[in-house]
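Two complexes, one shared chain (subunit A), two partners (subunit B, subunit C).
This part shows the complex of A and B:
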């Protein structure tokens, strides 16, 4: 496998590549994968395919006359050339801007962006000096995103890792289906925030709307203000010293630490009353049907 | 079944799932032959006093003030072995038995983060070959 060169692989069809790299020769049924860590693994900090970028190498793009695809391709080109700091000017509320960046980068967006901004990212540090539309940071894997004004609904939908920060207020269904990472809201959040949350942490410095944490499976929500109502199976949890230290550290990091401290914050967790997965379920359902 | 009470078992000891690989404690778990829930506390936030030197270097390299996505990484337990869940391959990666585990979950989590990070960034990660086959851009 190691002897195959990139040039040879490029000439092959996808099926030929898959066979050559051993992807389809195994019989998967009844087999489990067994992989063990190598304690002597080399100390690397970026993916093997990630471009080498230098944070001190900076470029600016005025995107006034460009469409989204052109802007996103331009960002990739600049990263391949080693630019580690890229400033986007005049985004004009463009949708899907800065999506799919899979390596470290400082991305600064001077202005507001539209729907699905900086989604599917894995590593970059993004600062948006404006507002964002629906689903900002959707499916984010790692990195930091800081929005200086307000954000729309479904902020951080299905986020899996990283820090997604909005200094202002956000719409409804914040962190819907989140599976990891941290969402921080400096202001208020709307109804059904944390809906079907599975993992991760959400911090709301202001107030939370109706049905907070509805049907949450796991994860933690911290709220500094008032909660209009809790959703199904969302309950108040115990605030440990470890939680308190972590919360203080996180809020200080983003200059959102409240003057009166974090003592008044409430911690919301899953009541685990909806945990019904088990082997007998399908049989029981059949009996009912 | 919605609205029924939680019927899983509690995590009482850091070595619980190393000593008892099946982890069937509650009546319901024994009845169905399946452990309910995670085998570690997914909501445990990291204690930053316990960072390893490699993790500090990684944070600096990425320009982060904290562990970022690694805050969600914990040492888990699979079939009586210490293992870490790798979201990029949707599977468990085992810690070799020759590695001596620390006696508390916080330090174990730091070990898990370091192992996972080195594995994900290495050429032997399955994603390297998958990317060669299926990458579109």
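This part shows the complex of A and C:
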């Protein structure tokens, strides 16, 4: 499977391609979900076209005179050549930098980037020695992103996995619609953070703005500082020893463990009164009737 | 989408014309329909700079006999200036439809401005001791070159690059908006105002004039209304957050201040850079980095945040 190339995939029908990539074209019915996923099958865990890279092979790119497309293509070229550590210099607040990397890679960005940075990634370890604009790490599937300065709004929107860490403060709607993974904020976060969150965990070491966790379905938010207000259906949860242990491990991992410890952190979860958690879907009701 | 930008040099003048051009050019992708600048030069006491539009750009391309009409409008405008005992000290026809006057006048500038705007097709874009408001169709590079902004020196400026969503692509709907009749006050806005018509009717009943159907003009008129009631700029910005519905981030510049306000949802972006000598802000960091290429520390103002800086 891992040997499949994009040329071969292009020759397949949509159904063949879906099966080859570990997906399925079978119609989903009701709440049941057909999951064709076997963790023991290695080919299901990798993208067929993802290049094998060597972390000891390092390359530096000065992107001062390049545009976003040229930089992203250059990263791919270097990965195809086996480079596993790539350093980007002079990004100048460029948008959409480092998006769609679906493989292991050490990506180091020396400077600030703009909107939609390192979105849609699955696997790389990214370190950004600067600030990021809106929607950093959007739709991230796995890997690690560490930002050393502040971040804009909608930080980690709809992430599904991995660790997204901002050492500074972030804007509004952090982790909006997140479906997994962990978002860690060293400073404060703005209004409506965790809005419509579905799964995953968010840690805010500083203060949280108004309407925290508004309309969240599930997931957990931990806040070390003050909370301006909780959103609709967001409630304080019981802070267990398990939570404490996990928080300590996570924050120590990213050198963000607070001097006062984590015992005073508040845990916010969904009250589960807003949505129809215990009711059947309309289609399922029809079947019963 | 629209892009907004502002910069203020503390206690010194700088080449703000070329700086704002670079910032707005970097935001071109946020709106290519029109570009506008409100730049503040050295205030000339006792003299007013008046930027005026006597036709729309498309009138020149399509209007029958428009050049004769323009000549008649300019003649009438100058007659009305004279009627109000305003002396024209300098006159420059920058384009076929845009003029710049330097006038001296001791009387009521609001009365004079209203009298001039009664002329069909004439709109005063700005009137003030330091403010010059330039707006036209095209990107920042085109407009800046057309109006020779590259050499403009001053203390502060705001600018706008527009993607037309709520109203037409023309100069009357382009930003910035002058807060008529307050000399030297201009506004740029990114967002949508959802109680526009309710607010507009309220303000019209108070006697305020609207020259376009663009929702952003409301913020200029709203600011003018507050200033007329002696409400300080910072208080006006704070009130707007609860009184105006919608998603917005907007900047207001006066002869010696620059202010910003962000709505309760924080749905429209603004990136802010502050140092001892310079404050720069824009919808995207790329705009700030176009004048400050070195690595800088920037922040995103939060929801309901209001800030005012002095020049």
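As a convention for this text, the second predicted complex is superposed on the first by the 228 of 289 C-alpha atoms of A that agree within 3 Å, B and C clash if a C-alpha of one lies under 4 Å from a C-alpha of the other, contacts with A are read in each partner's own complex, and residues count from 1 in each chain.
To be clear about the criterion, contacts are C-beta pairs under 8 Å (C-beta built on N, C-alpha and C of every residue); 3 or more make two chains touch, one makes a residue touch a chain.
These numbers were taken from a predicted model, which means no experiment stands behind them.
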Which of subunit B and subunit C A:133 touches, first, second, both or neither: second
Partner chain in contact with A:263 - subunit B first, subunit C second, else both or neither: neither
Which of subunit B and subunit C A:115 touches, first, second, both or neither: second
Touching partner for A:55 - first (subunit B), second (subunit C), both, neither: first
Per-residue contact with subunit A, leading partner among subunit C and subunit B: B
Touched partner set for A:218, first subunit B, second subunit C, both or neither: first
First (subunit B), second (subunit C), both or neither touched by A:190: second
Overlap of the subunit B and subunit C footprints on subunit A, listed as residue numbers: none
Residues on subunit C engaged by subunit A in the complex (per definition of touch): 264-267, 269, 271, 284-286, 288-289, 293, 295-300, 302-303
Residue ranges of subunit A in contact with subunit C within the complex: 92-95, 111-112, 114-115, 130-131, 133-134, 149-150, 152-153, 169-173, 190-192, 209-210
For the subunit A and subunit B complex, residues of the former touching the latter: 1, 6, 9, 14, 17-18, 21-23, 33-39, 41-49, 55, 76, 104, 106, 123, 125, 141-144, 160-163, 180-182, 199-201, 218-220, 242-243, 245-246, 249-250, 253, 269, 271-281, 284
Complex interface listing, subunit B residues touching subunit A: 1-8, 28, 31-34, 36-38, 42-48, 54, 57-58, 61-66, 68-69, 71-72, 84, 87, 89, 91, 93-96, 98-99, 115-124, 126, 128-134, 137
